[in-house]
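Next come the structures, one after another.
Shared chain: chain A. Partners: chain B in the first complex, chain C in the second.
Then we have the complex of A and B:
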């Protein structure tokens, strides 16, 4: 009996401790949570309110919605008769309401000395912001991306704008063909991104350094990059490729014709891991998009690039093959991994040098790769020759030993015969 | 009678001795190859090294760098503007590209995805997930030596 009383007490303590009962006294939360449950409206809008960063730093519902959070027993005093009461915030007013704190450096400094306060200004320069000003309420506002009544800090993995969640957050609208129909833009970006090299790195390998939508389009000031700035955007990460291309003779031609620099060959949302086949004139090189079936300089240059790279790849492959054979035969060739790795790095540099469309630069770059592969190939060939020599000499040595055994046998027999003759 | 039996026996014995002598000669000859190979071993594989001589001081003016081979790995040696040396793994921790020294900002830079490290190898910007491994640089008798541990 005594034991069951103690158990009951423990159960009550655990239940109280794990319940979502607010520790703060806020009439808005208490009433609205109750309404959520009573009305059974499906989604309980205050479900995550206690995890909301604003509530956690001491703000209350009234700081955004107005009203009196201490008026427990009087709905009119809490809301309708209170001059500060705003109620549900219209989408058009959201940026300014959020900005009343987030655009105030002095106010925001108390939470972080380096906090950004230009989000609203940036937002009005975005396509979303421009459309909202033009009266289109369907565009994204603050809560579409950050959530509402359960807003997490950006670095919290539960936040819709945490890097891993950004693509699906944008896709909520941009992947919805019906919702986006009036904007007259494609809705396959998320599908393309999901299969792209960036999408796989971010979403499959969870590499937080891989770009999400905002890394190319911006966050609050989201806009599609201008054609003239695509190489700058890609160059944020792919510096050498971008710089080489922008210095090349093709850059001006692309800009004049309105081609999207990197995008023209690599695509945009669905950018795949580049292949050397992009240069294969006989099998649909990307150059053919503009150069058609022309021959002459473009074809010669593409052929030179393709065959030089193919040749280096062939040498690397030969080196790997010979080194594999030597290792499989138990030869010590670890030393050759240094030149092999060097040649693989030169291969990357050579591929990068293509963006200059300068054959001299490519040939100069690739030179070290061939020297390194030669070193690896010669080393592995020597190791294999050494192995063959060892086998050959082992065979000869075995023959000699066998021969000696036979001769010694006859010698012993001869001794025996002499010994018998002497005894006779 | 004795002569008759002694003749062929002697020549057989001599024949066996010749065969045995030839066999011994071949056996000794066949030992020469492995013994000589043992005494003159093939070019040694530089696998596990503790220190490498990177050059003389004149090869490292201030604000310069050089990539050397340290065992199987490339190591970048940097001489800063103030004359101090740093030696770091030259392999980017992001996707294994080779890093380079940016003399103007005195930083280590990986061109593949614009990753930056400070002069101590700490990853400070871009995708590199971890710092570059550090090595020790010792200057001894005008020689610049890179080592895994402090040379005593």
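Then we have the complex of A and C:
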């Protein structure tokens, strides 16, 4: 290979490797790069701009801020005297300026056929948007959540609105008591969420199926859910529980009294992994929050639910224990895992059926669980009995063999004696 | 005319019984070693009987093998017992065959004129290990699947013929249902046929040449040597030993059953602690310890070459041990035998403990 060819190859490699940097010349970048050099790193506006999705797809500073990016040596033409120049975008104007592209389906389709284009419309219906229209600049606008001069696609883990980052992004404002003081809303949501079953699943186990703030409150149209809608929101994931509750007699009572459906028993941001103890009347069942020290129907129902589930759990535990013993003794009982798994599934279904607050439905649901555990218990007991039988038969067999051994031993002695006599 | 007379008129069966009654077994400190061959034969007979019974229900194939073994042990009357006896008896067979080989080795019983008995015995041991390797895969469980994968991988590292061997064993590039069918064929047809033939030769040679005695006893004049009749004195002792072993097998089958485990999943990653059967462990552990490269040879290949040459060397001992052939003491070979036993035990223990 000739030297020139090598040089060309190196040039191509360098060009490809540095493809994050736009190759076209831009007066805004030229000047602001020089200005950035005089700034602290935190103040530099171009710090992350080359990774910005907008620059990546070919947009320039001027597409948002106006001005003439080709006026290299003329600051006035580039900015001050240029009628298109907007400069720093005010918080009030941000939604519409972002929306000039993002609300245009025709334009946005070139990037994705299924791209959403109603963000701005939704935003104006959100509490953030409403407050902004009312002149409150402290509310979140596009850049508060998505970042600025370094905006990543939502699916990019570096994006502040990537599911794993959403709670901390919202917490920037909502966790700041001083900043939020004028809004008169609590600021412990992030703390509560962090310790909740959802927060642990999302942030500790990094399960993207777990809900972040926006999954319940919406994102661009973020609002606190109404009492009427809480069951629908929880029902997005917990479908059966939500449907059963909404059909139950308690739903109307909750709505009339203004109780927050699911929230009334499970809480909201700090929702914990539900426990069967929620039904334990003797040890602080959640029902007591409303029913106080009343007895009668509520207590009877809670007791029935609690003891039925407890009984099924006990049967499952017994089946597991017996199966464990049988397996430890080398018995083949893998078929019993089918009824055991079925009973575990029924246990979950029974817990779900509680949301109907219907005794008959619960008893109907749990029935199959007891049948399945009985099958597993009987199978395991049979295996253990068979093991005992094997030991018994082994003992008898060994006894016979030992007897034969003794007989043969004396026969050997007899043959040896005969052999010795013969030799004499 | 009795049935015996009737048969004897046609075939000289009385000659066989007269031979058995006339046959003598030397009595000395090592007479107990003579039972090891007999007990191996007894265990082989158990394998034959239990193997045939298992065949009645076993269905080879990736979709059916595991299920059929599960069916045998959980649904078939005494199916569990047949499988356990088959599995334990197989292991005891290898154990006693090894013991038999080493006692023959230390007693120099391979020396002239019994070289062919040694060769046939070695073949039987190798075939026995082949039985073990092929039978291990048949339940198609996770442990067996990965052990076979590793075992056949090792065969694939043999120079020149490795790829051929690997494909011959696996019936393809990977361990699949085709491998299982092939191993089944080896286990129930090819190996038994070959084994029976070699066993026949081995037994005929033993009967024709009689029991060997160590060289130092040979120097004692014939009239001072002690003997016992093969039948019934020795045969009944054999029977006693067999009964004891049968009792041990029954105990092992009930109290230490071989777990079936979970069905093999070719897409799953290998579970921790995969190892071959205990009688391959010393080789497996050696291969694990050998560094990646020794001089210019790959470590695994080096290990295989050592085992290949070691086996050939061991096989040819009757021809190499000239002193024993002349009836002289050959300490060198005794030391080699002791070193080999110590090495095998240490490596096996290391493989299981570490």
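Rule of thumb we're sticking to: the second predicted complex is superposed on the first by the 371 of 424 C-alpha atoms of A that agree within 3 Å, B and C clash if a C-alpha of one lies under 4 Å from a C-alpha of the other, contacts with A are read in each partner's own complex, and residues count from 1 in each chain.
The rule is simple: contacts are C-beta pairs under 8 Å (C-beta built on N, C-alpha and C of every residue); 3 or more make two chains touch, one makes a residue touch a chain.
Keep in mind that what you see is a predicted model, and the values were worked out from it rather than measured.
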Once the structures are superposed on A, label A:410 by its partner contacts, choosing first (chain B), second (chain C), both or neither. first
Counting only touches as set out at the top, which of chain B and chain C does A:397 meet: first, second, both, neither? both
Counting only touches as set out at the top, which of chain B and chain C does A:80 meet: first, second, both, neither? neither
Using the superposition described at the top, determine whether chain B or chain C touches more residues of chain A. B
With the two structures laid over each other on chain A, which partner does A:334 touch: chain B (first), chain C (second), both, or neither? both
After lining up the shared chain so the two structures overlap, which partner does A:419 touch, if you call chain B first and chain C second: first, second, both or neither? second
Once chain A of both complexes is superposed, is A:238 in touch with chain B (first), chain C (second), both, or neither? first
Do chain B and chain C touch any of the same residues on chain A, and if so, which? 332-335, 397, 401, 404, 408, 411
Per the touch rule above, chain A residues touching chain B in the complex are 207, 209-210, 236-240, 332-335, 337-338, 341-342, 345, 348, 352, 382, 386, 389, 393, 396-397, 400-401, 403-404, 407-408, 410-411, 414, 417-418, 421
Per the touch rule above, chain B residues touching chain A in the complex are 5, 9, 12-13, 16-17, 19-20, 23-24, 26-27, 30, 33-34, 42, 45-47, 69, 72-74, 94, 96-98, 111-114, 126-127, 129
Of all residues in chain C, those that touch chain A in their complex: 70, 73-74, 80-81, 228-229, 232-233, 236-237, 239-240, 243-244, 246-247, 250-251, 254, 256-260
Going by the contact rule set out above, which residues of chain A touch chain C in the complex? 329-330, 332-335, 390-391, 394, 397-398, 401-402, 404-405, 408-409, 411-412, 415-416, 419
